[in-house]
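What follows is subunit A paired twice: with subunit B in the first complex and subunit C in the second.
Now for the complex of A and B:
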């Protein structure tokens, strides 16, 4: 792709894909922007004309807005912390020669193939149910009072469910990174007098930094929009209302499309701020 | 101090014994080279000394004290790896300072030692760069720098020059030899290149399938190889080994004669043959000669540029006093 002719040919051939993708993104984006400036109440008179910025001011001044931002960030950060830390630990363990390595690896990857709705239902009914859940039985076995997870410890429960889903992804990416480390580097560090913990800190962790950034970047994008897990478990109650869940409530439960769209625009802005921020870090790490 | 003694050391990977019982003493300050064909266990032996691999049975003593169960860091040895094994995310300075930081040395002393190493190895120009921004030869120097700052009692090198081009290899060979003269520290050097072994070593250890075939100075090995394996391995080009009738004339199962000990004569030679390939190096010419009735090919070195080409008939006279004789077991006679 060095010459002028080949470059313009390349552009021409990429055009259909680019136009399709642009349209795919632009149509919903423009519709969201359009509705966010309208008073649009589908069950109470439909589209009732211009609203100016009133939807935007109403959305942020609502008492639910800041808590929802906070909830979103707590879930994202909590899941990131758990998946990255445990991902590294599991990757290091899986890298050791163990009996039945292949089977163990497949088992570790398995949760990633379970649909979010299904896994949330399984957690809710099989593990966290205060009467019949496995946790309840376990608690009772030790003579303790069963915890009603989803109402009393709602945030930790949701973070746990979502982490369980994303841990395989983090582990997989980190495992390939661990395996690509030149073993002679570790041996050199060993001869240089670095005990295990220092070898981890000075050799393994810097080697993993690139993979960790990629895990953080990709997971953040998906975690900002988690919905099914909350819908299926708490339905946004008990302080688990994230920004995306709040938008859903405004549009479908309050039947206020204009207000929900304004929230959507805020979500886009938030996602972009975080994305730019992360891109900078990635740019530094991927040099 | 850096005397290393291996006593009845063996190493097995699973059921496969890579090193059968082996005894070896490396004297303090000596430059010892392990040579042998690929897969003969040179790296394994070096890693046993370093402690990166556990020995199966036997003992290793360093300076007279048992080091068999010591962890690598406690043995006071430094190793230079074939892949250099530099830490890619640290600058050259940090790489070299790493072992000192691990030893919790104070900052001023670290700086002093790193600067001294940089001076000895001419690293000053790129001390703040990362390994990824250096050439192969420069990386090699950094790896050596990281080894010398620790002031170890012995250096271990595993084929350190095999990734360099021929010209650079000759240069680095000299530098390592000079470093050895300057530091007077024990060095153990693994290579499969017998030229490297001959030019650098005080003592060469020739290995085959984990067994020591001979230990001695380069010239000892050259003059009195203990068996046919060492005879064929040391020296370039290889010694001509002749069996059969011709050997029987000398009361031996095999006789050996080096290419440089056969003279090309105009007439009245002991052996005749036809020239196959002639390699003209300017200073010397190597002829590969066929149809002598002695062996598949006989290699001969002629001094200067001798004008014989493919298919010419050639007459040869071996120097009888340079003839090596071996018995049916391949062992040297006399």
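Now for the complex of A and C:
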């Protein structure tokens, strides 16, 4: 039905968005690639010529690199495990008939709308402060020694803060998926005497698989880039320096742009590997 | 898949669900409560839950001390303008992709999504440098552009999934009746598209409001929005729980309320229509 005229009109309408995004993608990307091959220290002599691949090898061989990858993976996997498992359980619970379902849903969803700097600060001070935090009070109440959460148990603390922020997202998406499940199938299985765990494993979980995949992929993309939560709580100390945070420190704190850019290229490659999987799934949905 | 259950079972479910809901909400509730306490009550041991002297003192002090109004205004301007600008650019694009699809439409959509996955930290310095060169560092205009660009793929996708649901037959019928393209846009498409556009604006306003990488790294004083306002409370000197709570409450309250209205759009927007 589309005529030639409407085709070209359509192209014209798409042009601003496409051109802007193309520029937004290519200009910084090319600059990052360029810098990554230069010796570039803005505060110590500026651009000092070609570096070959030395920034790339230096970034990977620095003692901070592997720990940062490890930290990144632990945070991402930890948060994913917590949010997906609890997300499924809460979604199944909220799908049951309960009084005040709407209100409970609003309570559960709330943390997603709290800006990351606020949630990090609130958790850091009002809950995890070793002297006046609520956890410290609770620990003392039970006669235990209060824990300095963000220095002695820094990773579990960060994982817990980030999980609190992302649990609503996982729950909401899984709940949407649960609600689309055909209840007749479940009732039939129940009649045939299938125990709860079997009904969950063979009917509910397969039905949720697509939603779970989406949750995992989208969260991974955001979790790889978490910044404010670490910036505000530990500033990358106590073993919480992720790959993004390491790059941030190289570029802005030590002002070594060449080295940081090489790190940036690694981060881009890592994110792209994950992105490819997400694209496949979303792409399938388009047909 | 909701089914009917016995009242006893329902009571049990309700109790557990409310307990979990309150537990998840508790940090926010606690922050709001603490914001109305005096500093001494805020750190009292054992903690006081409700039986304290409610006061608005903290709000007054925070307003006085840190020019809250300017941060709030920056947040509103940056999140609002970036969202509106994004919609102005995205509506025609999404419209043409939904109603005049070509072979490449799907590829273009996926490519747009892929720009969202570029890790911000990987391109921080180039953007920083460009901002200095163009005099955009610490300016609202610069942040509006950056936030518009990072949210543009989501805006296009959301609008696209909404527009796709508008039946093409209606357009054809309008055309048969002799409607021009302009009439078609104004009288047929716009009324049907407004709910979708409104949801898109809402969700992206929230995302832009809470964005905390670019807003922290590209601002200093003039253009700093609420994310930076709160981050300034992270220094250990002069930290007081009640004032921190008041500041936090002021930063999140507007968006929390907007957020509750946009739960459904959240699923759709952030999964790019893959979960409905």
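Throughout what follows, the second predicted complex is superposed on the first by the 260 of 287 C-alpha atoms of A that agree within 3 Å, B and C clash if a C-alpha of one lies under 4 Å from a C-alpha of the other, contacts with A are read in each partner's own complex, and residues count from 1 in each chain.
Assume a contact is a pair of C-beta atoms (placed from the backbone, for glycine too) under 8 Å apart; a residue touches a chain by one contact, two chains touch by 3 or more.
Remember, it's a predicted structure, so these values are computed and weren't measured experimentally.
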| item | value |
| --- | --- |
| Subunit B versus subunit C as contact partner of A:283, first or second or both or neither | second |
| Partner chain in contact with A:130 - subunit B first, subunit C second, else both or neither | neither |
| First, second, both or neither for A:214, with subunit B first and subunit C second | second |
| Partner chain in contact with A:206 - subunit B first, subunit C second, else both or neither | first |
| Touched subunit A residues, subunit B compared with subunit C | C |
| First, second, both or neither for A:187, with subunit B first and subunit C second | both |
| Which superposed partner A:198 touches (first subunit B, second subunit C, both, neither) | first |
| Common interface positions of subunit A, toward subunit B and toward subunit C | 182, 187 |
| Sites on subunit A touched by subunit C in the complex | 1-2, 6-7, 9-11, 13-14, 16-18, 20-21, 24-25, 27-29, 31-32, 35, 90, 93-101, 103-119, 121-127, 132, 134, 137, 140-141, 164, 167-169, 172-173, 176-183, 186-187, 210-211, 214, 218, 221, 224-225, 227-228, 231-232, 244-245, 247-248, 251-252, 257, 260-261, 263-265, 267-268, 270-272, 274-275, 278-279, 281-283, 285-286 |
| Residue ranges of subunit C touching subunit A (in the complex, touch as defined) | 1-5, 10, 13-14, 16-18, 20-22, 24-25, 27-28, 30-31, 34, 43, 45-47, 89-90, 92-93, 95-97, 99-100, 102, 106, 108-110, 112-130, 149, 152-153, 156, 168, 172, 206, 209-210, 212-213, 216-217, 226-228, 230-231, 233-234, 239, 241, 244-245, 248, 251-252, 255-256, 258-260, 263, 266-267, 270-276 |
| Of all residues in subunit A, those that touch subunit B in their complex | 182, 184-185, 187-195, 198, 202-203, 206-207, 209 |
| Interface residues, subunit B side, partner subunit A - complex | 50-52, 71-73, 77-79, 81-83, 85-89, 98-99, 102-103, 146, 150 |
